[in-house]
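Take a look at these structures.
First subunit A sits with subunit B, and in the next complex the same chain sits with subunit C.
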Partner chain A sequence: MLIIEEIVLGLGVVFITIGAICDLLASIGLNKFPNFYVRMHAATIGTIGGAVIPLIGVGLIALISDQLGTYKYMVFGVSIITALLIMIASPTGTHILANAAHKAKLAPVQPKVVDKLEEAEEK
Partner chain B sequence: MNRNTLSGVIIFVSSLILFVILSYIAVTGGVGKHPSEEINSLGQFFVNNSYNVFNKTFWAGSPEAVTSILWDYRGFDTIFETTVLFISIGGALVLAYKKINWDKLITPLSDKGLTLIVKTSVKIISSIVVLLSLNLALRGYISPGGGFAGGSAYSIAPLLLISGLSIYYITRLGYKLHKMINIRTIGLLGLSIVSLIPLIWFGYILQNQSKPSTVFPGYPVYIGPLYLGGSLIYLNISEFLVVSTEFIIIFLAMFLLLKSTKGEAE
Partner chain C sequence: MNTQWILDIYVPIISIVFIIAVTLYIVRVLKGPTIPDMVLSIDCLGYDLAVFIGLLSLYYGTSFLIIGSLMIALWAFIFDVYVSKYFIKKELGE
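Moving on to the complex of A and B:
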């Protein structure tokens, strides 16, 4: 029983650490990347890697924290549901933003390696 | 050292200092004391005079503090916020009615909506929004929320569906203008009936629980194990119906107005 709790605690801490690293990388990318679309990719790393994964970690840690009483199940459920919601909503938001910017030609794809959407529209 | 690097260094150093100070405050317990388990004298006063199960002369029938303190004024709050919304939505519709082509709701046109990814996630999220708004409305007397909050949250679901899919999709789901108006009328009727029922026993308008000066026995607080909070649940449900349908009507009108003015410009 104790070993399982140790494993769950370790997993939670690892998840939160991954989140911190992802947030750092996302903020560096947000400042350094050359154009709108790649910067948006960095922002999504910040929301998925930096919010969803640490939330799951927080839920796991709450699950073994006996000092919370019965509230630990509430904290676990709330953090998992919030993680799921962010996982659904955030990529949709960035997808529709990038789609709109590309359709309205507001953000030039420059420097460009490949632009499949443009190729598909030309056909 | 040029200007950009200098400002970068300044921003970095100041945010580092802010980070260190905030973490120091948070670690040393600067955010405040933890609330104690004991009830202080003010709390005892409110509990004694609002949710006193043993002496029901002055009890409000609701364990939620705000509702208990407001007692019957919770009903006044509901009635007047519904009135304000009713008048403002009516005024907005009167101003815009002739410009709106309501027939466009019925004729199915090819409106593609956004991409498949958006459509799928909008459907998932709007169903979650509906559940959340029902929770807000039906548990409004023991938790923060109530009819107005629940109704305005519910109206977000059709708004998301309109912008994600199309206005024809939600008409096919059954959000039609006349149906909305009928449901709103049912809600308004419910509000007036619930507020006038105590008059039969020579009570006050909007009275919830019994008072020493009246014969009115008060609305039932419990039905079996189910907690109702007197008249609050009926007021909450009626106000939920009124507010949600009024917001949906104004959203439909807004989108139809947007479409018709766009057509004129072309």
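Moving on to the complex of A and C:
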């Protein structure tokens, strides 16, 4: 029972727990925030903290779990690549969505102090 | 090292937390006043599902499920792109 496997197992379990907690906080935040643009802060917690970190944890646990046989390296590789792709895709996706929502005026900026983009567009 | 013993204890507990998060996302999808709210929570739902399927692929000890989680993560991104393109240009660029 190598000591490094215990460490990697503990690390993977801690990552998945962090991911589950972040996911819970993000879903609560998504329901409590006033308008669409503030909800995107909670959405990034849900995607980066709630999807990238647990996928790295899944990869770490897959690396040392022998019941997967030789496929454990494939599961490790695919989960790390999925975590990397989510890290790249989710900010761009939410950015495109925010740009479209603001340009098509679908999401009202309700508790508004100042909207610089609107002023810039009027010029 | 066979990690099945910790997965048998750990995965059911974590799946309860994931199920609560998924129900809250679904509440936001149904309650969402504007369309971008729904798209945003479906986005988070997709990434959350990808993680859950990755966890299940460990729990059941098969390596086929992890490919599905990769596809779901990519689909969640493409969903954003198509929806926002439809918002602005009213066409999907086929």
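The working rule: the second predicted complex is superposed on the first by the 110 of 123 C-alpha atoms of A that agree within 3 Å, B and C clash if a C-alpha of one lies under 4 Å from a C-alpha of the other, contacts with A are read in each partner's own complex, and residues count from 1 in each chain.
In the analysis below, a contact is a pair of C-beta atoms (placed from the backbone, for glycine too) under 8 Å apart; a residue touches a chain by one contact, two chains touch by 3 or more.
Here the structure is a predicted model, which is why all the values come from computation and not from measurement.
*Asks:* With both complexes superposed on chain A, which partner does A:89 reach: first (subunit B), second (subunit C), both or neither?
*Replies:* After superposition on chain A, A:89 lies in contact with both partners, subunit B and subunit C.
*Asks:* Using the touch definition from the top, say if A:99 reaches subunit B (first), subunit C (second), both or neither.
*Replies:* both
*Asks:* Have a look and say if subunit B or subunit C is in touch with more residues of subunit A.
*Replies:* C
*Asks:* Scan A:17 for contacts with subunit B and subunit C and give back first, second, both or neither.
*Replies:* second
*Asks:* Tell me the contact category for A:51 with respect to subunit B and subunit C: first, second, both or neither.
*Replies:* Second partner only.
*Asks:* Under the contact definition given at the top, report the residues of subunit A touching subunit B in one complex and subunit C in the other.
*Replies:* In subunit A, positions 85, 89, 92, 96, 99 sit in both the subunit B and subunit C interfaces.
*Asks:* Which subunit B residues qualify as touching subunit A in the complex?
*Replies:* Contacts found on subunit B: 114-115, 117-118, 121-122, 124-125, 128.
*Asks:* How about subunit C: which of its residues touch subunit A in the complex?
*Replies:* Spelled out, the residues of subunit C in touch with subunit A are 1-4, 6-7, 10, 14, 17-18, 20-22, 24-25, 27-28, 31, 34-37, 39-41, 43-44, 47-48, 50-51, 54-55, 57-58, 61-63, 66-67, 69-70, 73-74, 76-77, 79-81, 83-85, 87-88.
*Asks:* If we count contacts the way the header does, which residues on subunit A are in touch with subunit C in the complex?
*Replies:* Of all residues in subunit A, those touching subunit C are 1-2, 5, 9, 13, 16-17, 19-21, 23-24, 26-28, 30-31, 36, 39-40, 43, 46-47, 50-51, 54-55, 58, 61-62, 64-68, 71-72, 74-75, 78-79, 81-82, 85-86, 89-90, 92-94, 96-101, 103-104, 106-108.
*Asks:* Under the touch definition given earlier, write down the residues of subunit A that touch subunit B in their complex.
*Replies:* That would be residues 85, 88-89, 91-92, 95-96, 99 of subunit A.
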